[in-house]
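Both complexes shown next keep chain A, but they swap its partner, so chain B is in the first and chain C is in the second.
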Partner chain A sequence: MFEARLVQGSILKKVLDAIKELLNEASWDCADSGIQLQAMDNAHVSLVSLNLRAEGFDKYRCDRDLIMGMNLKSMSTILKCAANDDIITVKAQDNADTVTFMFESPNQEKVSDYEMKLMNLDQEHLGIPDTDYNCVIKLPSGEFARICRDLSQFGENIVIACTKEGVKFSAAGDIGTANIKLAQTSSVDKEDDAVDIDLQEPVTLTFACQYLNLFTKATALSPRVSLSMSPDVPLVVEYPIGDMGNIRYFLAPKIEEDENN
Partner chain B sequence: MGILGLSKLIADVAPSAVKENEMKNYFGRKVAVDASMSLYQFLVAVRQEGNMLMTADGETTSHLMGFFYRTIRMVDNGIKPVYVFDGKPPVMKGGELAKRAERREVAQKALEKAEEAGNVEDIDKFSRRLVKVTKQHSEEAKTLLKLMGIPYVEAPCEAEAQCAALAKAGKVYGVATEDMDALTFGTPVLLRHMTFSEARKMPIKEFHLTKVLSEMDLTQEEFIDMCILLGCDYCDSIKGVGPKRAIELIRNHKSICKVLANIDKKKFPAPDDWPYEEARRLFKEPEVQDPSQIELKWTEPDEEGLVTYMCGEKGFSEDRIRNGAKKLAKARNTSTQGRLDSFFKVLPTPGSEANKRKVPEKAQANKKAKRGGGSYKRGK
Partner chain C sequence: MVRTKADACATKVSAAKAPRKVLSAGPSRAVAKTPGKERYAGGHSYNPQPVPAWQKGIGNFFKSVPKPQTSHSQEGSSGSNDAVAEDATSLQTQFQKNGVISDDDDD
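On to the complex of A and B.
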């Protein structure tokens, strides 16, 4: 038996908005400790790793480890039926082939439940090594979303260059070039608005806008985002989800072509 | 024309060996394309109102059209194609070629009849069957590829065998062909529908040889023998042995030799003078150029050269050719997107075993942690 109850149901709605455009389907690995999801997009360029700890739920029970393969479009359709202030409960029997979503209105007067068929997915799981990143940039998530959106008007790639002076996002294309520089915030009035750079070595990497824009769908989950970079390894874009966990996106960088290719 | 019914058999017996994928997901991959098959494919398929495209002098240009646009489509999607042309056919193929010639004759007669009767549909059908790839066609295609900056390889013998050798040597990611015998030659990854037109919206089908073998529970040698039983280009097969029986026989007896010793000869008579050993040898040690000697280089397209050749000699529209050349040049200059698989290792068989083994450990660790924390959920 698996049951997870979330009073703040809107979190689950937002989580789904943050992954459904990148992934068509995914396996939710439910264990005693909580729920995890790891999946790559079809092109194997990016990876989503979602972690929701059991403690973060208002009620959580998982008697046996359970892998639930879900079609995320269908799941999103169902979650659209929940109001933002609804309490959401996800339930499944052991070895079941369906999962049930129950939505309760805050005053308990309306209760709806939806059952969805599960899928058998064979997905490749990747082992992600622990990496010490050369630079970690923390900034307001809204700011990051804005930068990605604005720069994607110029070209299909964004160059992120991090030095001790600050971080520079740039793009170039047919209409011209665009550069956005953010300096480390000196005085901290509001913690959520600060730009915080932890730098060991300067790093410059190039990434596809298309994916960054899909990552920023998670903006609603958190006021802050952190970008971790090291030369020639995937970028990590991490959004904390309250106290209950986080969602991390990994993105392979663009590689300059060498001549013999 | 490949192995009879192999793709269906794979779909039935080893479904997880087949994956469908969109073309754009193959960016950055080098792919060997069986040029002889493509030539034929284009001559058959690239048509207008049932006729092949021609210049004013009646020279066919369907194949050039096909090579030009389908190659651009691949390059546009970030794929790096290398074409492999057939050399001389192996002696063993004589029988198959004779059969094909016979079929051509039948089609020729049928075409004449259809023309007499004025049946447009039949004329179209039979004229397609009469398509023949000539030396000139492939020479023209090579000239075009040179101008486009796309490398090609001339196989000493069968193109599929050369493609397979390139893929095995790691020179290319996979082989794009419709002929399933590329797998019999040992291609690790076979891609179908790569050279189809955009309009057909066919996803690319990917066949993985290792998965085919592991799911069919066969070794490569047994797989080759099974393909011969299914029916290949080099020799006849046993009458009455279809795909289902073929795989069963090979699974039980491991080789054609033993199959022959054990099978009921009255019910399933093997062809007289059956050179299956020769065929097996052709699949195992085909005549190919050593892949380590082959250097693949993608170069800048020669726009002016393309215009002179395609527009001046072959009557294509200049705008379109220039556009195509620009696309080729642009694709060359963009940086390639990396893939996560090249950074992170795929955990072995994520499906059942790995998860089952991994999860209990984690669960235990967490149970300890949990005891300290809240025990609110034990209630139920």
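On to the complex of A and C.
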């Protein structure tokens, strides 16, 4: 038996919004420690890794480890039937081929349940090595989304250059060039508005604008986002989900070809 | 103070309208925005861009591995213990697979 109850059901709705444009389907790995999801996007360019700890749920029971393969468009369709203030409970029997979503209004006067067919997905699981990144930038998630959106007007690449002074986002295209500089903030009046840079070495890397914009669909999950970068290794874009977990996106940077070739 | 004709009826109008204003203001509490959200709103909508030709797949950087064992409950809630979870052989995933539904019967 698996059962996970989330009083703040809107979190699950936002999680779906954060992944449904990248992934058509995904396996939700349920264990007694919590729920994990890892999947490459349809083009196998980026990787999504979601972690929801059992302690973050208001009630959590998982008698046996369970993989629930779900069509995310179908799941999103069902979760759209839940109001933002609904309590959401996800339930499945150990050997069931369906999962049930139950939505309860806060006053318990309306209770809905939706059953969805599960899929048998044979998805590749990638090992993510521990990496010591040259720089980790923490900034408001809304600011990052706005920057990615604005720079998408210019071209297919976004260059992120990080130094000890701050971080610069750039793009170039037919209409011209754009540069957005964010200085590292010294004041800590509003933690959510701060730009923090943990720098070992300056880094300049180029990323696909389209994917960065897809990652920003997770903005509603967190007021903060962190960007971890090192040369020649995938960028990590991480959104914490309160104290219950996080969602991380991985994207390879542009790799300069070997000059000897 | 200068009095005009309008002064005489002004109180009537405001008294009638005030309760309606209060009522319409009530539910906004439920959709209270985070302070920073509005600052980044507006402006351009996303302009779709093609994926650059140089983009490499994520599989070039991360190797495929068996799924890690995420808990010690693979034998059910009763009878399992931590030692079992730490056993190297338990790295082989023992997830309980759900019933098979073919991919094409969805959508």
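We take it that the second predicted complex is superposed on the first by the 255 of 261 C-alpha atoms of A that agree within 3 Å, B and C clash if a C-alpha of one lies under 4 Å from a C-alpha of the other, contacts with A are read in each partner's own complex, and residues count from 1 in each chain.
We adopt the following convention: a residue touches a chain if its C-beta (ideal position, glycine included) is under 8 Å from a C-beta of that chain, and two chains touch if they have at least 3 such contacts.
Since we're looking at a predicted model, the values are computed, not measured.
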Mind checking the superposed model to see whether chain B and chain C fit together on chain A or clash? clash
Just checking: does A:240 make contact with chain B only, chain C only, both, or neither of them? Give me first, second, both or neither. neither
Does chain B (first) or chain C (second) touch A:213, or do both, or does neither? second
Just to be sure I read the superposition right, which of the two partners does A:118 touch: chain B = first, chain C = second, or both, or neither? second
Give the label of whichever partner, chain B or chain C, reaches more residues of chain A. C
Contact-wise, after the overlay, does A:153 reach chain B, chain C, both or neither (first, second, both, neither)? second
Based on the superposed arrangement, let me know which partner A:166 touches: chain B (first), chain C (second), both, or neither? neither
Once chain A of both complexes is superposed, is A:42 in touch with chain B (first), chain C (second), both, or neither? first
After the overlay on chain A, which stretch of chain B ends up in the same space as chain C: 42-50, 114-122, 294-302 or 330-338? 330-338
So which bits of chain A does chain B touch that chain C touches too? 29, 31-33, 40, 43-47, 65, 67, 124-129, 157, 208, 233-234, 250, 252, 254-255
Show which residues of chain B lie in contact with chain A when the two form their complex. 16, 21-22, 24-25, 27, 80, 297-298, 335-347, 350-351, 354-356, 359-360, 362-363, 366-367, 369-370, 373-374, 376-377, 380
Quick one: in the complex, what on chain C touches chain A? 30, 34, 36-37, 39-40, 43-52, 54-68, 70-74, 76-77, 94-103, 105-107
Listed in rising order, the residues of chain A that touch chain C in the complex are 25, 29, 31-34, 36, 40, 43-47, 62-69, 71, 73-74, 85, 92, 94-97, 117-121, 124-129, 140, 142-143, 145-146, 148-150, 152-153, 155-157, 192-193, 208-211, 213, 223, 233-234, 250-252, 254-255
Which chain A residues qualify as touching chain B in the complex? 1, 3, 29, 31-33, 40, 42-47, 54-55, 59-61, 65, 67, 122-129, 157, 206, 208, 233-234, 250, 252-257, 260-261
